[in-house]
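The two complexes that follow have subunit A in common; it is paired with subunit B in the first and with subunit C in the second.
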Partner chain A sequence: MTRSLLGLFLRAFVVLTGTALATFTLLWNAPGDPALAIAMARFDAVVPADVIDLVRAEAGLDAGFWAAFRGWVVPLISGNFGNSSVTGRPVWPDLASATSYTVPLALAGLAIGLAISIPLAVLATRHPGSWLDRFAVGIASLGAAIPAYWLGLLLILLFAVKLAWLPAMGATTPSHVILPALTLGLGVAAALTRIIRSGILEARGQPFMPALKRRGISEHALAREHVGPHAAIPVITVFGLELAFLLEGAVMVEVIFGRPGLGSFLVGAIEARDFPKVQGVVILAALLFVGINLVIDVIYRLIDPRMGTQNA
Partner chain B sequence: MRSVGFLVSALVALAVLGPMLAPHDPTAINIAARLSPPSGEWWLGTDAFGRDILSRLLHGARWSLGLAFVISLIGLIIGTVAGLTAALGGKAVDWAVMRVTDSFLAFPELVAAVVIAGILGGGINSLILALSLTSWMRYARVARGVGLSLRTRGYVVQAKLAGLSPLAIARWHYLPSLLPSLIVVWTGMFARAILGISALGFLGFGVQPPMAEWGTMLLDARIHMRAAPLLMIWPGLAVVACVLAINLVGDVLRDALAEKDSPQ
Partner chain C sequence: MTLSVSGLSAVRSGRTILFPTSLEIEPGARIGLVGASGSGKSTLGHALIDTLRAQGSCVAHVPQSPDEALDPLRRMAFHWREAETALGLPHDADRQQALFRALKIETGDLRKRPWGWSRGMQQRFVIAMALIGAPNLLVMDEPTSALDPIVAARTMVLLEDYLAARDTALVLITHDLGLAAGRVTRLLVMNAGRIIEDRPTSELLAAPRTTQAASLCAHRNWLALPC
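And then the complex of A and B:
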């Protein structure tokens, strides 16, 4: 167990280092002179060449790739995300505020997704092949094909423009989270319904199920004690993938609904070519993602004793 | 299988013939006819510049389907090469290749694509680069998995003893058994590429205006949501219809593959 946990941490470390290096390489080789971009953003006018050189030296851009990379990563380890190249202000406070909008949105989306998919999958598998089952699978396939940004626009059209029930743009009141969360949640529900459904069906097909039934164990106890945990394993695996979906979805959904979260932060930083901000949001996303997947891997090993023994 | 053939030919026809069937020039601006409702002249209406929506949709099909084809093919090639290298290259190579694959998988693909396409600047080339760099990992996993399972098969061992090079073994003994699984992964990635292209277009990091692409059309339509809500419906429907069709093809192929494999 300790050995496989150590392996997991090593893997997380390799992934984070790789992400940092890849991001930095991309930005370092981005088209255009970053020093010129910084100078233009700061002085908002035609900038003389010696000022550009000054900016270059100040931003550490003249020191070469590895020196610049160290100049970013070493402070990062102690939690210093550097300063915005446009405003000169520290990146972290803005990044933290953006995160405080994205995390509730993602959690609400996940909650809606689970609240729809679990009952739907349980109902569908009661009679496999029935019209209800086919309806659930059909809805899930349709849901998987609908892009989050279009669904979001349709919801705005219906609930904000036509019915005027809910606010669409911004994040000033709690009710502003409803439409974005619904957009995310419906997408999550579409993906999870299929997985939970096949998880339950697979659990029912296990050879120990008829044996338990013949021993007189009630349907109810069977579902709770045996089908549930068995079906939970693939669901937990997919949870990590769903997380990617939530993050991706949050990016699109926040842009559509004008929510000042990580998605809007990222798109705004790219458009302003504010590279320290782009690096910050990428690293934070990688950290969140790797961290949560690490937790999932550990939970996985706790639930399923078969895992982690053979090939970790 | 017949329905699969029909769907595939319909999609190919849409991508190839679509632009030829367009009744109008997709970029011709006609301010007098701006935001026209559907009519005999403009079957699906016009946008804020008076451009014909149907013609723009049909031209957009070439971007969405054509680019998705190219992107998923590049991903297929990178992924298969990486996966087979891992399977055939020995323990150290396998470890290294799979850690790189994990690193790429560990990051939300669309977010990575947004960063790459956004930093490199909008345009077709950075779009292709951004989406293919973030879509090869699943092929690599499948190729490696099948490759490892074949390593101890009699004919592979025989080929190795006969002195065939790893490249030849990969080409003649691994690739044919690998192809069906890769094609199933490919259909999924094709659908994802369509979603990715329109997502990047919608964010303004993809195909650039005035060229007609479904994502950029949605971006334009969003501003006129109140005046012309139908503008927003058409491009979204086009994306959903294509993705749904491709996913159906993938499901049928996967079931056919599972059936073929099960009796053995």
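And then the complex of A and C:
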């Protein structure tokens, strides 16, 4: 267990380093002169060449790739995301406030997704092939096929425009989170329902199930103690991937509903060529991702200790 | 009390795989159920268990391999408790110790999961688990085909000693006439969903009446093993 944990941490380290390097390389080699863009964003006018050179030196862009990379990564290790190259203000406060909008939205979407998909999948698999099962699968396929922006607009039309029950745009009151979270949650529910359903069916088909039934173990105990853990394994596996879609989906939903958050933060940073901000978002997303996957891997190993050993 | 069932049958996907069958099993009987692959032995075993269970008898089942009896995600202790609960019994450490001693698996670590035990020990654990409720009948479906012949024979000896003291009947489903020959007093030969011979072992081995039984005898080396 200790050794496999060490392996997991090593993997997390490699992923994070790779992400940092890849982002930095991409931005470094992006077409156009970043110094010019920064100067334009800052002074909002035609800028003479010597001012551009000044900006270049100040943003650390003239020191060469590795020096610039070091100048960004070394403070990052101690939690310093650096300063915006446009405004000169620290990146972290803005990034933190954007995150404080996005993460609750993603969590609410996830909670709604789970609250819908688990009961639906359990009901559907009670009688595989029944009308209820087909209905659930149909709804899930439909939900997966509908793009978030369309579903979001439908929800806005129905609940905000027609019924006027809920606010749609912005994030001024807590009730503003309901429609975006619902948009996100329905998409998550569609994907998860199918995975949980097939996980349960696969678990029921395990070779030891008939003998357990014949041993006299109750349906309830079978479902809770045997089907559940076996069904959890594929679900947890997909969960790590699903989280990527969740973050991506949250950013898209933010744009649809005009909410502040990582979405508008990122778009604004890219438009202003504010590299430290862009890098900050990417690294934060990677950190979140790696952290969550680390937790998932540990849960995985608790359910099935054969994972990551020669017994698997 | 003699266990008796009649009219056991089974249809799967529109095909009859077990024709109506009746069976009487005396207390302490040792019955072997042999036949070609696909002749319906397991089907008869399952029907026997389900019907007798419905009649209120305590019947236990040991499947062919431990993979078909144990959940690899659950610890051995959990399986044991679960079997006790299924029978409506409280946990009894003495009973567990006695059964473990009888099958020589006292050294097994109950905190481990099935794959932490050797397959031979797993299978003996499954057999021990089947004996928790002191059943009237034990149906074993090729219980030793996952084991090497020496361990298989040893396990059967351990089990027989235990059963003999309790008048528990045994139905042993097997391909291995060698394993069955020395251990059962009555042999049932199945073919295509029917019992085609039902005779004392020695008689049947000496003079099989049907061609199926004759070929089973001819193709098997049913000399007893050296242990």
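Here is the rule we use: the second predicted complex is superposed on the first by the 310 of 312 C-alpha atoms of A that agree within 3 Å, B and C clash if a C-alpha of one lies under 4 Å from a C-alpha of the other, contacts with A are read in each partner's own complex, and residues count from 1 in each chain.
As a working rule, a contact is a pair of C-beta atoms (placed from the backbone, for glycine too) under 8 Å apart; a residue touches a chain by one contact, two chains touch by 3 or more.
All figures in this text were calculated on a predicted structure; none of them were measured in a lab.
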Partners on subunit A (subunit B, subunit C) - clash or fit: fit
First (subunit B), second (subunit C), both or neither touched by A:F208: second
Which superposed partner A:P229 touches (first subunit B, second subunit C, both, neither): second
First, second, both or neither for A:D50, with subunit B first and subunit C second: neither
Greater subunit A contact set [subunit C / subunit B]: B
Partner chain(s) touched by A:E219 [first = subunit B, second = subunit C, both, neither]: neither
Which of subunit B and subunit C A:E271 touches, first, second, both or neither: first
Superposed model, angle subtended at subunit A by subunit C and subunit B (C-alpha, nearest 10 degrees): 90
Overlay on shared chain A, then closest C-alpha pair between subunit B and subunit C (Å): 18
Contacting residues of subunit C [partner subunit A, same complex]: 46, 49-50, 53, 61, 63, 67-74, 78, 82-83, 85-87, 113, 115, 129
Touching residues (chain side subunit B, partner subunit A) in the complex: 99-100, 102-103, 106-111, 114-116, 118-121, 191, 195, 198-199, 202-203, 205, 218, 222, 225-226, 229, 232, 236, 239-240, 243-244, 247-248
Complex contacts: residues of subunit A adjacent to subunit C: 206-208, 210-212, 214-218, 221, 225-226, 229-230, 303-306, 311
Subunit B contact footprint on subunit A (complex, rising order): 11, 14-15, 18-19, 22-23, 26-27, 30-31, 141-142, 144-147, 149-150, 153-154, 156-157, 161, 244-245, 247-248, 251-252, 255-256, 266-267, 270-271, 278, 282, 285-286, 289-290, 293
